[in-house]
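Note that chain A is present in both complexes that follow, paired respectively with chain B and with chain C.
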Partner chain A sequence: MNEVSTEQTSVFYKRKTKVEKGYLAAAWGIAVLLFVFILAPVLAVFVQSFGIGNGGFTLENYKRFFSNSSYFQALFNSMAAGVISTLVILMIAIPFALYVTRSKTMLSTVYRGIGLLPLVAPPFIFSLALIILFGRRGVVSQWIADFTGLEVSIYGFWGVVIAQILGYFPVAYMMIESSMRNMNPSLEQASQDLGAGQGRTIRKVTLPLAGTAILKAGLIVFVMALADFSNPLVIGGGENFLASDAFLLVTGQQNLEMAAVLGVFLILPSLAVFLFQTYLLKDHEVATTTGGENNPLHPKVKATMFGISTLMAFFIIVMFVMVVLSAFVQIIGINNEFTLEHFSDTSGWDFLRNSVIVSFFAALLAAGLGILQGYMTARKNIPMKKLMEFTALFGLAIPGTVMGIGYVLIFNGPPFFLTGTIFLLVMNMAFRKIGVGLESGISQMQQLDVSLEEASADLGSGPYQTFRRVVAPLLTPAFMAGFVYTFMTAMVSVSSVIFLIAPGMNLAAPYILNLADQAAVGRASAMSFILIVIVLACMGILKVIEKRSGSNV
Partner chain B sequence: MKKWIVAVGSLFVLSACGGGDDTVTMYTHNDEEEMQEFVAGVEEETDVNVDLLRMSSEEAWSRIDSEYPDVNADMMWGMLHSFALVAEEEGMLESYESETWEDVPDEFKDPDGQWYGWSYWFNALAINEEILEEEGLDKPESWEDLLDPQYEGEIVLPDPGTSGTAFLFVSSLMQIMGEEEAWDYLEELDENVGQYSQSGSQPAQLAAQGEYAIGITWDQAIFDRMDEGYPVDIVIPEEGVGYDLDVAWIFKDAENQEAAKKVIDYIGTDEGMELAAESRSMVTKPGVEGTIDFEPNLIDYDAVWAAENRERIMQEWQKKFD
Partner chain C sequence: MSEQPILQLKKIEKSFGETTVLRNITLDVQEGELVTFIGPSGSGKTTLLRVVGGFHQQTGGTVLLGGQTIDVLPPEKRSTGMVFQNYALFPHMTVYENVEYGLKIQTVGKVERNQRIKDALQQVQLDGYENRKPSELSGGQQQRVAIARCLVLKPKVLLLDEPLSNLDANLRVVMRDEIRRLKEELNLTIVFVTHDQEEALSISDRILVLKDGIVQQLETPSIVYQRPANEFVAKFVGHANLLEGTFTVEGEETYFQTKGNGLRFPVEVEGPVSESGTILLRPEMMNRDSASPYQGTVDKTVYHGNYVRYYFSMDGESLFLDDNNPFHTNLLQKGDQINVAFPRRLHVLPNC
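Now for the complex of A and B:
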């Protein structure tokens, strides 16, 4: 910390650029917050894993990790599930993105919406739906049993993998799609003019062009799947996985040291991927374009892409339909009588309200501070700005379970007693996502010419007035992007906040997980349904505001 | 920007002070569904509002233990008797003499009023008869029967790491068979267990839905599923089952003591007990009938022994099965 800060300040003096006092204060404020709410919890997990603070440095916990087969099994399962899910997701997301970007029918727009739908649902929703369909007495399992006599059970490793494929698909799809959409069509045209067939063009031109995006998507999905916490809990059938085991170690056995060790194994891959992406994987997006239509696909190729996309879209829709159905019938598959009983859940409604409030303020804070930091990073010579940028972006990569354990370690005792407060929930959600506001703030500032601000200054505005009157309005789209993303993810996030809830300060997503744990499938489905509707409604409202104000999200 | 800061700030302040004197914060291990009805009862009969957090027993205990002396709740309604004994031993509980509890027999409450037992519950098997028939399995009648290889992969047992139901099962086996024999039994049973679940009610639900033929669980979880129309039946193994007193208590130096006392009083009233009796097999107030209509074969469960040996048993369990 110290070393970096002196280095940074020396650069700052060399340039001799003056930073206004207000910005300096803001920068320090954000730096302290970033330290307290991102770095310190992660450091605490590392420190705890070595037993420091509980009687001195020891490697005992690591020895136990490697000598106990179940911990090792957890590491292996999480890794294996991550690798398999990632590969399958890429194999589906690439054709899906090709189909959507290279066909102009209504259907492709619908498919795009379906592909993104899982983003608005709690992460374990597919586990619920899979149990309804493929549990040992599931709707489909029974059908299979009747015809073939085979017994199907979705519980366990493969159930987790399938749930992850469905749940993390949109993340990869989004990134690959945007890269394919922005590709210059003339390159593909040139390839085909030179005699290459469409298949060859896709292999030799399109995919290499999208290569960086595909690699990035794969890495991010891998890290998310590795850190998956709720699917193993719901559908894992007692199999060991890193994040869920770490959670059970904390809540069931109060074994924070061992949980911290598991946390370290969660965070090392995330850290490696993050460093690789930030420093080694430079964007070399060739020949992007703003105008121009993407090349249409040949009928044969299109049929294949369409087939794969349809299968995936169908699967996603079936999953959502199952959840909705099970919300409205007594007991799905056993007593299919219509009922609204599952919705008469008084605490559930309270927790939904809490979720909306917490997510709203977290989004406000993350987007506001994020773009402010983005502005200062792009325009002001504030001290430690590289380190601050690094920390904020790193926050995005930290597995929620690690963050949750870190928060318990720091805020659950003297001098802070913050667990169970709305304040800590907001801070937790905001600082895990502040990187999104920051990134969109920086990229927006890079597109704005400094001359605008200089003009404002020449006309006599002070630096703060310039920010308020000129820069802030121009940053609105970046703010909206950060706000929407943080709000959406905060509404459905579980893995970190589950450590921080308290009586009266529970949230909808962890509550639904608890219902699923009590095997109250109908109520869990009903609450999930309402949660999805609320998130979609909020997104709709934002879309309307966005259209009215003419800014773009 | 300033406006936001003010707005955010005032919201935090508001929510921090929110509540007031007549709100009580509560941990429970009871299922969400029945607890919502209890809370509605409290809020109707007293002027107290209840904020609730439901966890499985071991989770709740581990949370309390790590938070003490700054427990994030005022009271507990719904917890294992053995944990009450440990908590009392460690001085975590507040004494309160409640008048409404006077006619409840002494064996169900602490002489110093540190904890109050409001109902009791016991281990039982949830059996899905349709599955038994389909798969040609016999109906098990005893704990011993469960070791039969025909049940391989058909039994679901809660994990004692999180579930109090499972701890009751493990500790009562030890009291029935002796410790060594019980460990041997559990290791053999492990061969037949298809899944270890997190909560103690889940096995009843899983057996009811037909995911597994047999769930080791507790009485009311099975009765609830039967009422909902699932093809599930309750079996009390021949050797007998352990039972546990379900208790309520106030934490020492709780912030909202007066409100918590009102809740304890309410639980002990006829109205409170009658409400509880609607979703419990047996309650502790004389003259109030629970939901059960037969005499279950209960062993003379020693909660004090269970409390004293809990930590050792759990460590052994983790060594053997985790």
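Now for the complex of A and C:
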């Protein structure tokens, strides 16, 4: 129903209004930025992979990719880890979401929080935790060694898979949960009324209705896991994976062509998934809730869901607790004496400050420009509207590693020399996330009736005044949502910015990754702990501001 | 009341935590009967219906279906069929699959299933729509599918929660007649929820008026309208002038007089005459009549087309009447004199 009305709206506008000069200028400005900071780097990776720029078109690099077993192994490992993690994540996220949305207890709220907790931590937090528990000198490894004499090591393929399962779980969980929460409860009630028991209702009604969300979640998690960069680096134990190998090719061997080839193999699946879900996947028209509550689960079904959720929540919590503990003791498992030594890392604090500054400006830029673009997409007949929307959303889908390589190719030489500058870090993070602001801007505009703006015009205010006094205040929630999300992800992201940092200009997350990589577990844990606290605190502050301003409106 | 009622509610109570939503509700529904729950928003209509359907567990009392208690049965084990306000059609299934859903669960064989689905769709006049998705149907058609989906299972009682409220005014009347026709043809037992008094009056065999979870009256539409049990019912179902006053007998005639020696006119009331009471004067019961000695002053005129509503003052009382054939009379304006003929036979509200 939304679609119909927006179509009418845009038709209406095509006929009636010309775009004001200011919006036209803004649109061109955004278009140029989107090109420079999203499209150009990706194109550069393609171009580089064919050797263009270094002496003409060649397929030599691709031949090398397929003839060198370690590259091919990387592709295979990344794919396999992606598939396994995705399947396991879905098998846990579905019952977890069912349990949380279908029960109203305090505990289910707590579980929800735990399920989302990994989002505020660096993506490799579970690798770190797994090393603390099962590494060569890990807490559990030592017990096992003491009792059985067996050497346990978590390093390698399966370590990566476990870390991915825990780390990417919240992404899938969030999407599935929101679809189950918004499902109209009367559909399930109708199923029951027609004689179906709970099991059947879940199979025949709930899951098919959440099917699109589940499929989307699966695809996105798969692409993320496939392009996972940090876990293979920390816990991969030297096994080959696409993204980490690409990074090592760039930093270790300065072999940008081969890195670009690996980058292409990272882009292709992402691109396929992106195109599939943007253009082919249509959601069911599930009438959303009219204030009804979700249906409670039968005790038996609930017990199963609860069991699975509890197991998952337990693992997540144990991991986090281990990291926190290891931040406050000398060497966890070996010397458990309390210490604050790990926190006295002055360069670490500097990098944290950098992270906050970069993330703040990136979030401001991503949410601000994204929402402005969203407004213009929904209401103004700006040129290249579809292409700009496509590019911004595509930016969300490109693996960070690819973006990193692309930025190195473009900005690490004439005419730009921008790597290692705050400016480039901000632009990188902002334009990787501008799609979030764009999407929330568009969806917010679709919920607002055009007549509001027409009324404002009718009352005598010009187009810019209308935007400032009517539209902008109404878009504030969308802005806040985009800002919080971008800030949070920027604070913990590594895969792209790690290519762009310089020794003096580092950020917290890549710095911690480096510490973890060097098995400086205590310092890595301490820094992770601070990072998590800062992210949570910032989000808390924003929530408070949001509440305050919300009550003013 | 010779037959065994198909649905019996006995002393139903329902609380959500501290708040009591239904109090001591008792109701028998005969086979083939259409009973409507009516009441203002929040009066507990939906809750009562959902207690019958099994979506709420009552906190007191018992529900019997076909003489058997169904209190412990979950919704899927009750032979009740619910039509939801938003229809709740499964968007991922076709019309055919929606209607087939319950039959499959009952493991009805393919051939019979097919036949029954065909019959049900025919009954709601939707044959030919089998392969459409719900999103490709109009509101009225979706409603028909929702009804067919229940009918095909031959439920003992059909439960409809404000089924017409999402339809536009014309379609509402069409579907109302349609439901009534289906009920007659198939001898359906129906419990119907609405907050629209006109709908309730025109569709029901009996009406149960609810307020704050308490039954105000349970009677046929004409009794509810003509002999409301109390002031609330009188005002909620239809429009009403309610006059408080005293009765005096003078010879053959009984006179009614409002307080403070106000308006006075002769009446006929049923049963023994008490000293005082409240009478119900519906606006269409009074007429403009130039021959009548009762004269008032028009305060406001509202033109409705098929009738004109005059608000007027007479002997210290503010009243309104409907002039039902305004075509041949002159339209009165504010300040004009209005002569009014009062009916003789009147309903006196019980208790007060």
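Just so we're on the same page, the second predicted complex is superposed on the first by the 520 of 553 C-alpha atoms of A that agree within 3 Å, B and C clash if a C-alpha of one lies under 4 Å from a C-alpha of the other, contacts with A are read in each partner's own complex, and residues count from 1 in each chain.
One rule holds for everything that comes next: a contact is a pair of C-beta atoms (placed from the backbone, for glycine too) under 8 Å apart; a residue touches a chain by one contact, two chains touch by 3 or more.
Only a predicted model underlies this, so the values are computations on that prediction, with no experimental measurement involved.
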Combined model on chain A: chain C and chain B, fit or clash: fit
Dominant toucher of chain A (residue count), chain B or chain C: B
Contacts of A:Leu364 with chain B and chain C, given as first, second, both or neither: first
Chain B versus chain C as contact partner of A:Val264, first or second or both or neither: neither
Which superposed partner A:Leu209 touches (first chain B, second chain C, both, neither): second
Arrangement angle, chain B at one end, chain C at the other, chain A at the vertex (C-alpha, nearest 10°): 160
First, second, both or neither for A:Asn506, with chain B first and chain C second: first
Lowest inter-chain C-alpha distance for chain C and chain B in the superposed arrangement, angstrom: 42
Shared chain A contacts, counted only where both chain B and chain C touch the same residue: none
Complex contact set, residues of chain A against chain B: 68, 70, 131, 135-137, 153, 155, 233, 237-238, 248, 250-254, 330-331, 333-335, 345-347, 357, 361, 364-365, 368, 412-413, 417, 419-423, 426, 501-506, 514-515, 517-521, 523
In the complex with chain A, residue positions of chain C that touch it: 53-55, 74-77, 80-82, 84-86, 88-92, 101-102, 105-106, 135, 149-150, 153
Chain B to chain A touching residues, read off their complex: 1, 4, 8, 11-12, 15-16, 19, 23, 25-27, 31-33, 36, 39-40, 51-56, 58-59, 62-63, 65-67, 70, 72-73, 159, 161-162, 194-199, 201-202, 204-206, 209-212, 228-230, 314, 318, 322
Chain C-touching residues of chain A, taken from the complex the two chains share: 184, 186-187, 189-197, 200, 204-205, 208-209, 211, 284-287, 290, 298
